Amino acid sequence: MLEIDDVSVEFGGGKKWKPVTHGISFSVAPGETVALVGESGSGKSVTAMAILDLLPANARRTGSIRLDGEELVGASEKRLRQVRGCDVAVIFQEPMTALNPVYTIGHHLSEAIRSHRDVSKAEAAEKAVDLLRQVHMPSPEEKVKHYPHQLSGGQRQRAMIAMAMASEPRLLIADEPTTALDVTVQAEILDLVRELQQRTGMGVLIITHDMGVVADVSDRVVVMRDGRVVETAPSRELFARPQHDYTTALLEAVPRLGSGTTSSAVADRSAPPVLDLEGVAIEYPGSWRKSGFRAGHDLDISVAPGEIVGLVGESGSGKSTIGRLAMGLLPVAAGRMEVGGRDVSAGSRADLVHIRSQVSMVFQDPASSLDPRRTIGQSITDPLRWTRKLTSTKACRARAQELLDDVRLPKEWVDRYPHELSGGQRQRVGIARAMATNPRLLVADEPTSALDVSVQAAVLDLFSELQREHGFSCLFITHDLSVVEQLATSVVVLQHGRVVEQGPTARVLNDPQEDYTRRLIAAAPVPDPDLQAQRRAQRLAG
Amino acid sequence: ACGGGSGSSGEAGTLRFGLSAEPVTLTTGVWQGSATNFVLTLIHRGLMTLDEDGELVPGLAASVDTPDPTTYVFTLHEGLTFSDGSPLTATNVKNSLEYYANPDNGSTLIAGLQDIASITADSDTQVTVTLEAPNNAFLEFLAVPTAAIVPDASLNADTPNIVGAGPFEIEEQNEGVGMTLAKFDGFYDADDVALDEIDVAYYPDGDARANALVSGDVDMIDYVTWENFDRVGDTDGVELAAQPGPFQYVQFNVTDGPFADPLVREAVAYAINRDNALTAAFQSNGQPLEGVVTSNDPALEGLGDELWTYDPDRAKELLAEAGYPDGFSATLLATSQYTFLQDTALSVQQDLQAVGIDVTLDAPDWSGRLEKGAAGDYDLAVSGDVGIVTNPIYLLSFVQGPDNFNRSFGYANEEIAASLTDGLRATDDETRAAAYEEAFDLFATDVPFASIDTRDQAWAYSDDVEGFSNLPGFHTFFSGYTLANTSIER
Amino acid sequence: MGVGLVLLVLTLIFLALHLVPGDPAMLLLSQGDGGSATPDAVARVREQLGLDQPLLTQYWQFLSGALTGDLGESFRNGQAVSEAIGERLPRTLELVGLATLIAVVVGVPWGALAARKGGWFDSVTSVLTSIGVALPVFVFGSLLVLLFSLELGLLPAGGFTEWGDDPGRHAQLLIMPAIALAVGFASTIARMTRSAVLEMLHQDWVRTARSLGLSRRTVFRKYVLRNSLNPVVTTVGIGVGTLLGSTVLVEKVFSYPGLSSLLVDAVTARDYPVVQGVVITIAVLFVSINIIVDVLYGVLDPRVRR
Amino acid sequence: MRRRLAHALTPLRLAALVYVGLMLLVLVAAPLLAPADPLSQDVADRLASPGGAHVLGTDELGRDILSRIIYGARVELLIALGATLVSMLLGTLLGLLGGYFGGIVEVITMRVVVDVLLAFPPIILVLLAVTLRGPGTGTLIAAMGVLFAPTFARIAYGQVISVKRLEFVEAATAFGAPTRTRLFGVILPNISAPLIVQVSLTIATAILLESGLSYLGLGVVPPTPSWGSMVAQGQRYLSSDPHVLLVPGAFVVLTILAFGLVGDALRSGLDPKSRSNR
């Protein structure tokens, strides 16, 4: 159905064009799911965007892209428009910036529904709620009225998915569609895609870093590196007998749940905790019409010095909210919060200054948390300058280059702007920025969700190394349980803004006490197509 | 209803008039500017009025007898009424004139009426006024629009002075837009009034006013600005009537400094290039003025019109003689609000520069100009003024009496004042001429002000308008009187 | 809040007026063509106008009057200030309203199109809007009159007619002044829109909208333009407010008796009650406009709402 | 940065930059460049058309228009740029503070200062300034600076209240950026586009207002030449001798165009996402 032949994407403008991908070729058959995997920054997203010519204005594509035999390179804008949203739908990588902040989720969905179909407004509204329900959005009737910024990262992503599904396309391009979703929701969404695929014969091109997901859904895998396809193979074969060295390395880097690797971090429980929440409630202020929304209830969480606490839980359960609270970006609505032994519940100026001298953060959404007008080098070292830890421009630049190198980004990129990076690259910039200040507590909100496993492994290694060196504590928000297992000393499981279970990592993961935790562990996909098929069958049956 | 013209061609018998300013509240006896005077000429009449040549003729008085130089007997027309319907009697005349003659009431007619010894109403229609001394401007003062006979109720400062016995009455006033005047049937000469209605619309901007006439929105306008003379005059079907009107001059602050010295003032009078000033400010629409305006009074033929000439060398000599061979610097007060005064000032500035007086211009808005003028906050100032009457007695206020913004600050010359008064009292032309000659001679050397030019004051109207005439001299502002005999053919 | 503001403006305007030199009484008695008033007469008028009272007394009278809705009477024609404003305000609102309408309807699409199209259209727009903002309204107004009234004879050269008297002529008389006002305003709006649109053109959500296959127009209108409106709304808000008090030159050229020429005439004549009344009126309008604009910010961008 | 600026410079913008440069040169070197004394009158040769002895003709007093333009540029640019600078600094600061802090700060900056200033009719404000400080360039700059500041304030305010909620601003807060940095280092660059546009608009408004004020006698003291007063004067000869109006008018338009284009270049130079032709 989709044939991509020798496609290259070049960036630049004027006379200088710099290719970032080179002669990519692969195809997607009807009903087939092709997974595009590979190194962060290898050109997966731009290839996917090239299909519908959704590249940025300073990019161009060459080669041949055929949909059902029809050439799309050089097709008229009018024709492309007919194809877009109708034949081919796209789920974008970063849902925050991909949604228009001034429209509600419902509006976005109606727009998607009505773009190619003659549907009345009322019907579309109804359909919108229906779609949200299908992607397991909690209380969809409410959420249609929300604006993007009022949703959690995973909820936005689900809205994005619902938009793409709205037109029941023949080809779905999904660019990391589940990065912000907890494993249970992820499993349900993947089921949904599969169901739709079986019903309509839809082809799926999915870009993901989660080898478990690859194993779960894909029929074929295309592996990319450095802007080139290094290997294409049916999934089973690939997992069983990877041909290319890179593929082998990639598969080896995949963390596996229950593989026995455990955190090397040691919590110092004798000292007062770095972060201590006691019966804390968190509230988002309402507008004059609506009352506020309570996103956290009665939270008791404590992070000891040197400890890494994994915060897992349902999408929208309040993980990021807790992170923002710890950072002093949200007030304590009730209860007591201590940072580094100081009661900061009042949130006075001095409290905030104190918090910020101790805590640093990796934001969940890298695109929107970077200043578009500052180079990544500046962004990384700005915290240092602001806190007067580094003042000379030269020193800053040098430090930025060092940090870039640490997160596996080319040093020469210090002068690039965020929009010139791939999603994973931006995320690494965010990590570098958070690490730059040597905090006592690092709040990391899904810091590796957009990273391929090999880069992720490298970053996590770096993380452990730094942690050993500086002994900082960490509140690690993630939905990847294997990462939790590998990194965290203890785990907090969150649902609906409440802590459902917490304890040492090994205990919680091996012997979960609560139903929700059990489900969560059961839903984690494993990077083995055969095993994953069994698990799926089990889950769907039970 | 409103004042604005109500169609591209008006109705028969209705004159659509574009007026240069909105009249303020009419206050009895007070001089309130030309737009206000225009309305007064329409709705009011005094004992005397002006005919289409600007000649003094009886108005409400059917006849005037002067048995001796100090006695005037006015016989009123029969059955006069005011526009409110009440009868106009000799008592009204007596009360009105007494009101105007009282300095406390702020009337502008004081100079003319201060000589009144007594006023008696002999009958319902006859009034006798006795003067303390002969006053050959007395009758002319009675023709000034502010000397109208009004009901007793209007004889205070608080009652709007809108009831009169003129050819028209105010039918409607629309603040900011215009006013409608309708023919008043009780006017003594109502039979000769051809217009049924005058629709006045306000066009404060000179260009807009000219445009309104040229495009046919109105039939007639007052005060054509000088830049528009050619354009309006050249338009087919439009008549431009210009008459020399007010005069421009330089006034001095004589309290101290160089201008306290008459020689310096005289130097200024010789330094001014009047042709340049005239061209700069009025596109040459006017006359250079080398003396004082005597309004072509045949008795004063050749008097006072050549007191100074443009002679920079003489000016320099005079300055040297006064002790300023290297000149000095001074401020010249003008106003930015009236461009013609500003342009005049710029021209004068250049002329004075040429003889060594380094002049800095001070051009505040009109209000600031008035205040500075009245407070003597200047060295030199350019002004424009008219006499209330054409009789040279108007000059009296420049040499005598309290300071005001329009005359040389601190200046007084009793000798000139005495000579002018002698001229006023004169009962024969010879004495009169002799008195004025003396006054003008003193004028030439003491220089109460240095004249620059007279400017043409123009009205313009469509060819359809018949019978209007722009009265010569200072009387140009009273030309509204002739609308009583104007008709419009369409 | 609003009341406090107006009170502040009231006090300031009162002080300002009395700080500025110029004597209303003297002005009343002397127009441009001379005729000089005697000091006695001036003093009498001052007394009549209450200007001989101590400043504090005058202030108190003014303030207590204003608070009960009595703005006093005009020095020049004795008309109640509230009445004069009542007459003129609707005219100005009508004029400014129409001008704003034209400016928005022309300016927003124009600027948006320039941003979207780029190239020569953008360059031409730059030039035209430069002329638009640089052209004094009295020059443009005069040109309009020259063309449409004097050359073509299509429209009356100026003046004003009540709607009730002659709706047709009323409308005719409104067209040219409104256009003259709108030219600069539209240029301003176009420039602001253009720059704002350029900012939004490359946002990710635009790509999302395109991926849905929405028409170019819809994408542009709903995903670019809509998001660009914040500075445009600010500009329009300020523009309307400013126009309310600054249409004087247009009013002069077209002899349109609006609020602004009332204000300027009153200032030149130092007609204190009228100046004060008009300033209060404009202040109230301005405050209302700003409130509307502030509300619009929230409507335009939900993130602004608290 | 340099790379982007180079990108942002289209030929048209380059021409504008050159023009602005020339203007600044004129500003310093007027006496050397002017062919005649801008004040000397020659009434006999008044309203002469361009060409001949006077390249750009003469005005109603027979003064050389070119020389007046050259000297006028000095006054004009000083006033326009000075007033714009003052209002930009003042207004942007007010708007930033009001928008960012909200609450009482907003009340004081946006309501009390800005709204009151806006509500005050310009002519009264200038009248007051001229009265208290005397007419002249300095007064005009100060008065107009105060007069135009509210516009900048409101634009900045409107932008700040929406930008301050963006995540990267929050990130700056989280990373301990001092308030000053957040305001000027993070928010300001991200709201600069409309402010830059407003700068070029304000330059235009300043020239126009200067013209209007000269007309009312509140502006530059005659006979000092300024473009604004030349336009105001020239208006009277619109139909008979249009060059008296058109020449200064053309310079006003050109200057505003040039500053607009330079602003464009700056704007797109500051915006990493914009491409060369915008």
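Here the chain labels run A, B, C and D in written order, and each chain numbers its own residues starting at 1.
Criterion: contacts are C-beta pairs under 8 Å (C-beta built on N, C-alpha and C of every residue); 3 or more make two chains touch, one makes a residue touch a chain.
Heads up on the chains, UniProt names are A = ABC transporter ATP-binding protein; C, D = ABC transporter permease.
Bear in mind the structure is a predicted one, so any value in this text is a computation, not a measurement.
Between B-C and A-C, more contacting C-beta pairs join the chains of B-C.
Centroids of chain B and chain C (each the mean of its C-alpha atoms) stand 38 Å apart.
For this pair, chain A with chain C, the centres built from the Cα atoms lie 51 Å apart.
Centre-to-centre, using mean CA coordinates, chain C is 20 Å away from chain D. In this assembly, the C-alpha centroid of chain A lies 48 Å from the C-alpha centroid of chain D. Looking at chain C, residues 21, 142, 202, 301, 303 sit in touch with two or more other chains. Residues of chain B in contact with two or more other chains: 207, 337, 365, 368. Contacts with at least two other chains are made by residues 127, 131, 165-166, 238-239, 271, 273 of chain D. Screening every pair of chains for touch gives A-C, A-D, B-C, B-D, C-D. By the touch criterion stated above, chain C contacts chain B in their complex at residues 21-23, 26-41, 44-45, 48, 76-79, 83-84, 87-88, 142, 145, 149-150, 153, 156-162, 165-166, 169, 173, 252-255, 257, 261-262, 265, 268-270.
Within the complex formed with chain C, the residues of chain A that make contact are 49, 52, 54, 56-57, 77, 81-86, 89-90, 92, 94, 97-104, 111-112, 115-116, 147, 149, 160, 163, 167, 285, 287-288, 367, 419. Partner chain B is touched in their complex by these residues of chain D: 39-41, 43-44, 46, 60-61, 127, 130-131, 135, 214-218, 221-223, 233, 236-240. Chain B makes touch with chain D in their complex at residues 207, 225, 227, 230-231, 273, 275-276, 279-280, 335-337, 339, 342-343, 345-347, 349-350, 360-365, 368. Interface residues of chain D, counted against chain C in their complex, comprise 12, 107, 111-112, 115-116, 118-125, 127-128, 131-132, 150-151, 154-155, 157-159, 161-162, 165-166, 193-194, 196-198, 200-201, 204-205, 207-208, 211-212, 231-232, 235, 238-239, 245, 249, 252-253, 255-257, 260-261, 264, 267-268, 271, 273-274, 277-278.
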